Amino acid sequence: MTPLPIPTLSETSTALCFVLILLVPLAGAGVALINTGLGRSRSAAHSMMTSLVVIAIAALVYFACGFSWQGSVGRPAHFFTIGHAGWNWIAAESFFMRGLALDGSPASLTVLLQLFSVGLAVLIPVGAGAERWRLGAICASTALLAGLTYPLFAHWVWGGGWLAQLGTNYGLGRGFVDASGSSTIQVVGGLTALSIAWILNPRRGKYSAQGMPAAIPAHNVVFVIFGCVLGLVGWLGLNSAGALLFVGVGVERVVLIAVNTILAAASGGLTAAIVTRLRFGKPDASLTAGALVVFAIEWLEFKLKVDDPGGAIAVHTVGGIWGILAVGLFAQIPGENAGQLLAQIVGVAALVGFVLPMTYGLNWLLNHFHQQRVAVDGERQGMDLHELGAEAYPEFVIHSEEFIPR
Amino acid sequence: MTPLPIPTLSETSTALCFVLILLVPLAGAGVALINTGLGRSRSAAHSMMTSLVVIAIAALVYFACGFSWQGSVGRPAHFFTIGHAGWNWIAAESFFMRGLALDGSPASLTVLLQLFSVGLAVLIPVGAGAERWRLGAICASTALLAGLTYPLFAHWVWGGGWLAQLGTNYGLGRGFVDASGSSTIQVVGGLTALSIAWILNPRRGKYSAQGMPAAIPAHNVVFVIFGCVLGLVGWLGLNSAGALLFVGVGVERVVLIAVNTILAAASGGLTAAIVTRLRFGKPDASLTAGALVVFAIEWLEFKLKVDDPGGAIAVHTVGGIWGILAVGLFAQIPGENAGQLLAQIVGVAALVGFVLPMTYGLNWLLNHFHQQRVAVDGERQGMDLHELGAEAYPEFVIHSEEFIPR
Amino acid sequence: MTPLPIPTLSETSTALCFVLILLVPLAGAGVALINTGLGRSRSAAHSMMTSLVVIAIAALVYFACGFSWQGSVGRPAHFFTIGHAGWNWIAAESFFMRGLALDGSPASLTVLLQLFSVGLAVLIPVGAGAERWRLGAICASTALLAGLTYPLFAHWVWGGGWLAQLGTNYGLGRGFVDASGSSTIQVVGGLTALSIAWILNPRRGKYSAQGMPAAIPAHNVVFVIFGCVLGLVGWLGLNSAGALLFVGVGVERVVLIAVNTILAAASGGLTAAIVTRLRFGKPDASLTAGALVVFAIEWLEFKLKVDDPGGAIAVHTVGGIWGILAVGLFAQIPGENAGQLLAQIVGVAALVGFVLPMTYGLNWLLNHFHQQRVAVDGERQGMDLHELGAEAYPEFVIHSEEFIPR
């Protein structure tokens, strides 16, 4: 049983990490605007309010019980033994974060970061279920994701769990590495989004009788692109804070991280514009997330018949898995990269082989007790009128029969 | 005469505090969007422009004379004596901040924070007077609030004034404590908002001949909810910076403050959704500020016949007073809490018994010399066309007779 | 050959500078919203997408070759000799930033700041060319600005080049000083904007046959004013980070810088409101940038017949030149100010006499190989439909013949 080293932070690193974490909610605001802008105006207030509600529920549920499963490196956890190695599979913290001093320690900063990043993870399914997912069901599903699925996997990665131990126990590089949430936030959220899209089925009018998908245009492209820029600021904070907390880098290394984040975002956005230009004749303004994502969206929409209004599955699942594997392919690990790549592949296998069935199963069960999809009438009226009794833009005149027959 | 201790900040605390303060204008941007979104489209440009103008006037007036009344702990002030105790009632600084070195000292950081937080305070009445308050009168009223009312009360609380001295002079806990502006920003702003709403009277069409209030829906719910998230980021900065500056906590304590802020915001937003759902059948997307606020809005609108389009009075006054009292009820003060609670009650009494008459009186006087309410024609046209000569959304088709007969 | 001193930063300064730089993209988001809101709805998606694309191209081109011309103080550069003085005219760095360790050094922080501030510079011409500049041409023009013009001038100022050497070589104060980008970002961007506006000619319908300009109103004033507040946050970051990096001030000085930034912004915004009120009878909500700018816009629009939808030339060129000269007029330089003022004037001369012809020439050449202005049909349809094949707000009903006959 080889415990992983506990990171320590200088006072400067602590202060820096704190401020960087406070930038993360800007990413949440950005994702909320992206989801809302990509949907139709008849569901815009619902989309924004849902975003706010799931962020709030995620923080409260994570505080109440999520952290007790996730924990932090070097703190109490349950182990099981295979051969001579002790494997850490779940934390053993008290509920309501009792026993954790919020004293500026790395563990306390991790908790602060988690309160926001669990909010980012639960926003991802909201994008995929847009315009047909009932508010009550969203709340229940969010509680399951923030209170169970997310913290369990996050423990494995960030809490010193078995994926992180692959290095010390089996010599696979430094163990599974995820410094900025590509697995815990993006893929866990993205696989839940996939489950939700499967369970909800496509929006009315998305597929013709022949199975051809219709394009349902974004109702406000300005919100979408503005949301991307806000998201960048949040992600700069998230990536830098994650590196300080989970990789133990010093203040001087965050510059490299920020430069890489900017160049990656710039390349991804530009590639998406070029690829959509080449394939469809014009660049697509609502698609700014990289070449892989463009192809993934086509594959999901045409082949799998998955209706994902926010593009959440393609962006977060496919992009996230690529991010996980890229660590194994490109990271400069002392020694050799084969072990690291293997550790990353084990992580992807755990996501697809364990997290996907778990999150699908939980939401499938939920759907049995509490119908997740809104009634037909609700979809016709729009979620705003149906579930909130008020429209997002009551004074503006909207095309009465826009795009999709109500 | 027992002067209060002067806080000192390490270089790291100074840098941290500085950056946290720079996040505060995001709260101003958020409040501006909330006010604008909650109003009608015919006054949206007026609402945004007014917000920018009052923030600018507040900063300039505070710089010119506000700081000279507010001062900072340990700096020159006027005292009067009751029994053997010297009571500090107003600062004695030069105008235009002469004599204050902007050198990174706690006093200079306080000034920087004040330039923004006085801007938050003056935004609150803008919400209550929306759609009928003339720009010229807004400017004059803002100058009175930022140049006189706010700095006077802020001196009592943050400048080492008599409310802060209640601890050392009378043994009431640590004296009146307000680390994040619930009294100086929220209640002082909120009571001014109440005065303005009284002086202006309700909007045309808000109340029927029988005195029943009509619901005038928010023209853009997306702005409202997005503004809430921006506001959260700003408030995280404000609360953390305030604790560093006014309570003298170290870098390691701000994590606790941020976690509490997040959990409080999450609980408030969620409770409002649940309470509106229970009372009105559907959750209200434009109301995300806690259970107390929901009841306060009903009480103001149905009983007091106060028309407050931005919900500013309920949110800031009622929420702020609760925040002041909560310190006395829940804070862990060495010794006992009764004295602290008494100090907090004295503070509330000073707000209701002194600040409310003062701010009402000043605005009542102003109204005599310079009519605060716009002419009837202006309300019919909308503030945008009437006062700015241009609409916020000139290309969009708006329902010509929306909700309220023009 | 007297090399300029290389600044050093404490760990705290490094961390502070890093976070301040991360606020800069908020200025980019703000400028994008301002440009978009000031244009017409038929080109709003194009405006936002263009903003994202130019920021991305600027970062990538700057990374690929821009930095190799700009460099940083104390790093390899090419010199020529006049008399006995060695003049540094261009950096001699490798492409793709090879040879530069992104290790938290001042040079690495400078690079991070540049990746964002070159993005601000390239946004300025986007405002001036709005509603008639083709996306392909924008990309090419951006690459020239970010890859050549900007880094060359920035080397002279921030990279220890000949303008910065005017102090050590000729005794002109501290040499040309620009701590927050008034020359490199604002004027270089603004002169490029002027070149673009000249090359593109006015929008259809902007000028009558008699040469009288028509007012084409902003399509969303809320975006414009919200963008201003976001811009303020970004500029607070930029000014503070620039002072730490380029002037070598300590943490304790940034408070003064922030206070000055706020007071300057407040005065500028208020003055613009007062001046427009006095001249046009009503304050202009879309104009919040100072008195000089109001007159500059009139002069450009009525006398020079330059159509600049985003007001970019007046704001950035005129405001920027005033900023450069103000350093010479008001800065407290040990000794006397005459030399400093002379250095600043030399800088303005270099901008007008060298940068303007260079950037005009490059864009004029580009226009020969690749028509920069969109076809007449595109302007009639709007850039959104013509170049992106989708509208920004497809569900909202827009006045079909708004303002300008299509």
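By written order: A, B and C. Residues from 1 in each chain.
Note that in this section contacts are C-beta pairs under 8 Å (C-beta built on N, C-alpha and C of every residue); 3 or more make two chains touch, one makes a residue touch a chain.
Keep in mind the model is a prediction, meaning the values are calculated, not measured.
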item: Angle (degrees, nearest 5) of the CA superposition of chain A onto chain C; value: 120
item: Copies chain A and chain B touch via same or different residues, half shared test; value: different
item: Averaged-CA centre spacing for the pair chain B and chain A, given as whole angstrom; value: 35
item: Shared-contact residues (touching 2 or more other chains) in chain B; value: 12, 15, 19, 23, 220, 393, 396-397
item: Residue numbers on chain C that touch chain A, as the complex places them; value: 11-12, 14-15, 18-19, 21-23, 25-26, 28-29, 32-33, 36, 44-46, 48-49, 51-53, 55-57, 59-60, 63, 102-105, 108-109, 111-112, 115-116, 135, 220, 223, 384, 387-397
item: In the complex with chain A, residue positions of chain B that touch it; value: 10, 12-13, 15-16, 19-20, 23, 40-41, 217-222, 225-226, 228-230, 232-233, 236-237, 240, 250-256, 258-259, 262-263, 265-267, 269-270, 273, 280-286, 288, 393, 396-399, 402-403
